[in-house]
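Below: one structure, written as structure tokens.
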Amino acid sequence: MELYDILFWVLSAIAVSCALGVILSRNPVNSVLFLILTFFAISGHYVLMNAQFLAIVNIIVYAGAIMVLFLFVIMLMNLNADVEPQKGQLVQLAGVISGGILFLVVLASIKTAKAEIMDKTSTDIGLISNLGKVLFKEYVLPFEISSVLFLSAMIGAIVIGKKEEVKTSATAKMEHVSE
Amino acid sequence: MSLFLEISFSAMANGLHNWLAGSISNATLVSVTEMAIAGVSLLLFLVPLCFFLGYMERKVAAFMQIRLGPNRVGPKGTLQIVADTVKLLFKEGLTPNASDKFLFNLAPIIVVVTSMLAMAPIAFAKNFQIWDINIGVLYVSAISSLAVIGILMAGWSSYNKYSLLGAMRSGAQIVSYELSVGLSLISIVILTGSLRMSDIVASQADGWWIIKGHIPVIISFVIFLIASTAEINRAPFDLAEAEQELTAGFHTEYSGMKFAMFLLAEYINLFIVSAIAATLFLGGWMPFHLGNWSFFNNVMDYIPGSLWFMGKTFLIIFIIMQFRWTFPRLRVDQLLTLEWKYLLPISMVNVIIVTMMAIFGWHL
Amino acid sequence: MGSAALILLIIVGIAFAGGGILVSKAIAKTSKNKAKGEPYECGVPTTGTSWIQFNVGYYLFALIFLIFDVELVFMYPWAVVVKSIGVVALVEIIIFMFILFMGLLYAWKKGALKWM
């Protein structure tokens, strides 16, 4: 398993350094692109664990869809400029404290967690047909409920993004004035 | 079956492996050498393919517009694309001063790499594919969804309004049409019960899905053709690079070899999309078989599988090229209406019909 | 060839694209000119920043796409097993797609699918 270990460490190094790139790069678009690379490295880890489906879903949903959404949001809010608004000293201090506390909590939970060593090669949990059988035989109800979740997410997005009434009344007023 | 070409392909691969294993003792070195050979032969396949597609595109355009097309350089103009490539090679590659230089130079490479990655699961002939991954179809749709990142990178880093506008349009377009592509892929997955390319081809031994699957599969084939034409940004869906309004869209600022890379990736994508359509709907390398006409089937078996595959792929490429000169370019609102109000609902209903067909065994 | 093929394809892609660009850079004639670095906007000097703000419409489409994309991801494992499970799976997916179709109809009705 020599090659496996090499790949594991290379992918881990890529993931960690790109994750650092996300928070260290000053330009938000560069951050997003670093995040995509991070997702790629994580997908590589999934492939190493023989969970190809999970790897591909990670790429489709995170690296593909969500990152496009992020890029659109950055363009929408015009965050392109390198200038970052300077935060006050108090805010910075609060950020450091809350970040440190979060780090402490994560560290504590990792310390007590029991690491399960999985058999790297022989597992087939990640294969798509097994996943499908489990999902559509045993977890039917959560699956159906997730569709309601999607529906509510969609309605929420439309309600926030589309202010129909305001727009129509404004345009009606405009038309009235022009008449 | 006397599919001599595949046999020779596998024989070549096996012979090479044995020869290398015999002459080099180190196992790692053997696989590294094999990888290098595979990489070089992939390039030796792709570059002439792109040259040919470029030539074919011009000749098809000329044919549709009753012109001659390229006919000066080389016999019947076949070397025109080579001349163009040499010209592009000698052009200066400009980088705008205000651009994000690193991303600007990285974007063409990303675009080429993503289109190359999508080559992996394509079955050229029996046992002749780069990686027979067990989720081949899903893999292709994942990789094709990444193409948008390269385009957005190119458009954004150029620091040009045309580029950014083209990239944003293309982003909205690619992500929208991905849904229809996915749903029409799913309708074939339902019928075969596998995402592996070799399984999908094997399931069509007694007839191609487009024939076995009756009208619902024909509908999803048509939806796949339309949506994937949009996904690879080809006319009539080439809003991302609409010449008349956006100069050249996301690659306005690119010149020389960097521009050539976008062109190359476009042709590779065209090939991949057509190859996927040929594999899923037209049986890939599987010869054309009819029920129990054994004589006819035997005759068909004499045509090598790789020839079948290439023939079907180029048929679909020819159709997609004809789209370009048949339909006028859509507006952004028409484009999104077509996807969200027509293709998506139709393909959702179609998936249900195909499922019924698969469960109750209505297909042939 | 297995997943090593991915590494191979990435290396080949980078080598080919990067090599082509580098070769072109080595052999192409270059000349210095201040105007060459300007944004190419048909000869007219560009005004303002080129990294402009975009319409909310793009964002809305991306959000609706994201939801349908996750739906698609659910449908792939379903498509693989639907034949072996049978009618139950058909009913499951009809309910699932019906609920999402309602979402699409809502977006349609609210005019979110209309450009601008």
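Letters A, B and C mark the chains as written, and numbering starts fresh at 1 in each.
Keep this in mind: a residue touches a chain if its C-beta (ideal position, glycine included) is under 8 Å from a C-beta of that chain, and two chains touch if they have at least 3 such contacts.
Here the structure is a predicted model, which means the values were calculated and not measured.
Measuring from the average of all protein CA coordinates, the nearest chain centre is that of C.
At the far end from chain A, in terms of centres built from Cα atoms, lies B. Computed centre separation for the pair chain A/chain B is 29 angstrom, with centres defined by C-alpha atoms. Spacing of chain B relative to chain C, judged by their CA centroids, is 16 angstrom. Residue numbers of chain A whose C-beta contacts span two or more other chains: 53, 60, 64-65, 68, 72, 75, 80, 128. Along chain B, residues 133, 135, 138, 156, 164, 168, 171, 175, 195 each make contact with two or more other chains.
Along chain C, residues 3, 6, 51-52, 54, 58, 62, 64-65, 69, 76, 80-82, 84, 89, 107 each make contact with two or more other chains. The touching residues of chain C, counted against chain B in their complex, run 1-6, 8-18, 20-21, 23-25, 27-31, 36-42, 46, 50-52, 54, 58, 61-62, 64-65, 68-69, 72, 75-76, 79-84, 86-87, 89-90, 93-94, 97, 101, 104, 107-108, 113-116.
Partner chain B is touched in their complex by these residues of chain A: 27, 29-30, 33, 36, 52-53, 56, 59-60, 63-65, 67-68, 71-72, 75, 80, 127-128. Considering their complex, residues 100, 103, 133-135, 138-139, 141-143, 145-146, 148-149, 152-153, 156, 164, 168, 171, 175, 195 of chain B touch chain A. The touching residues of chain C, when paired with chain A in their complex, are 3, 6, 49, 51-56, 58-60, 62-67, 69-71, 73-74, 76-78, 80-82, 84-85, 88-89, 92, 95-96, 99-100, 102-103, 106-107, 110-112.
Chain B makes touch with chain C in their complex at residues 31, 35, 38-39, 42-43, 88-98, 105, 108-109, 112-113, 116-117, 119-120, 130-131, 133, 135, 137-138, 156, 158-164, 168, 171-172, 175-176, 178-179, 182-183, 186, 189-190, 193-195, 247, 252-253, 256-258, 260-261, 332-333, 336-337, 340-341, 344-345, 348, 351-352, 355-356, 358-359.
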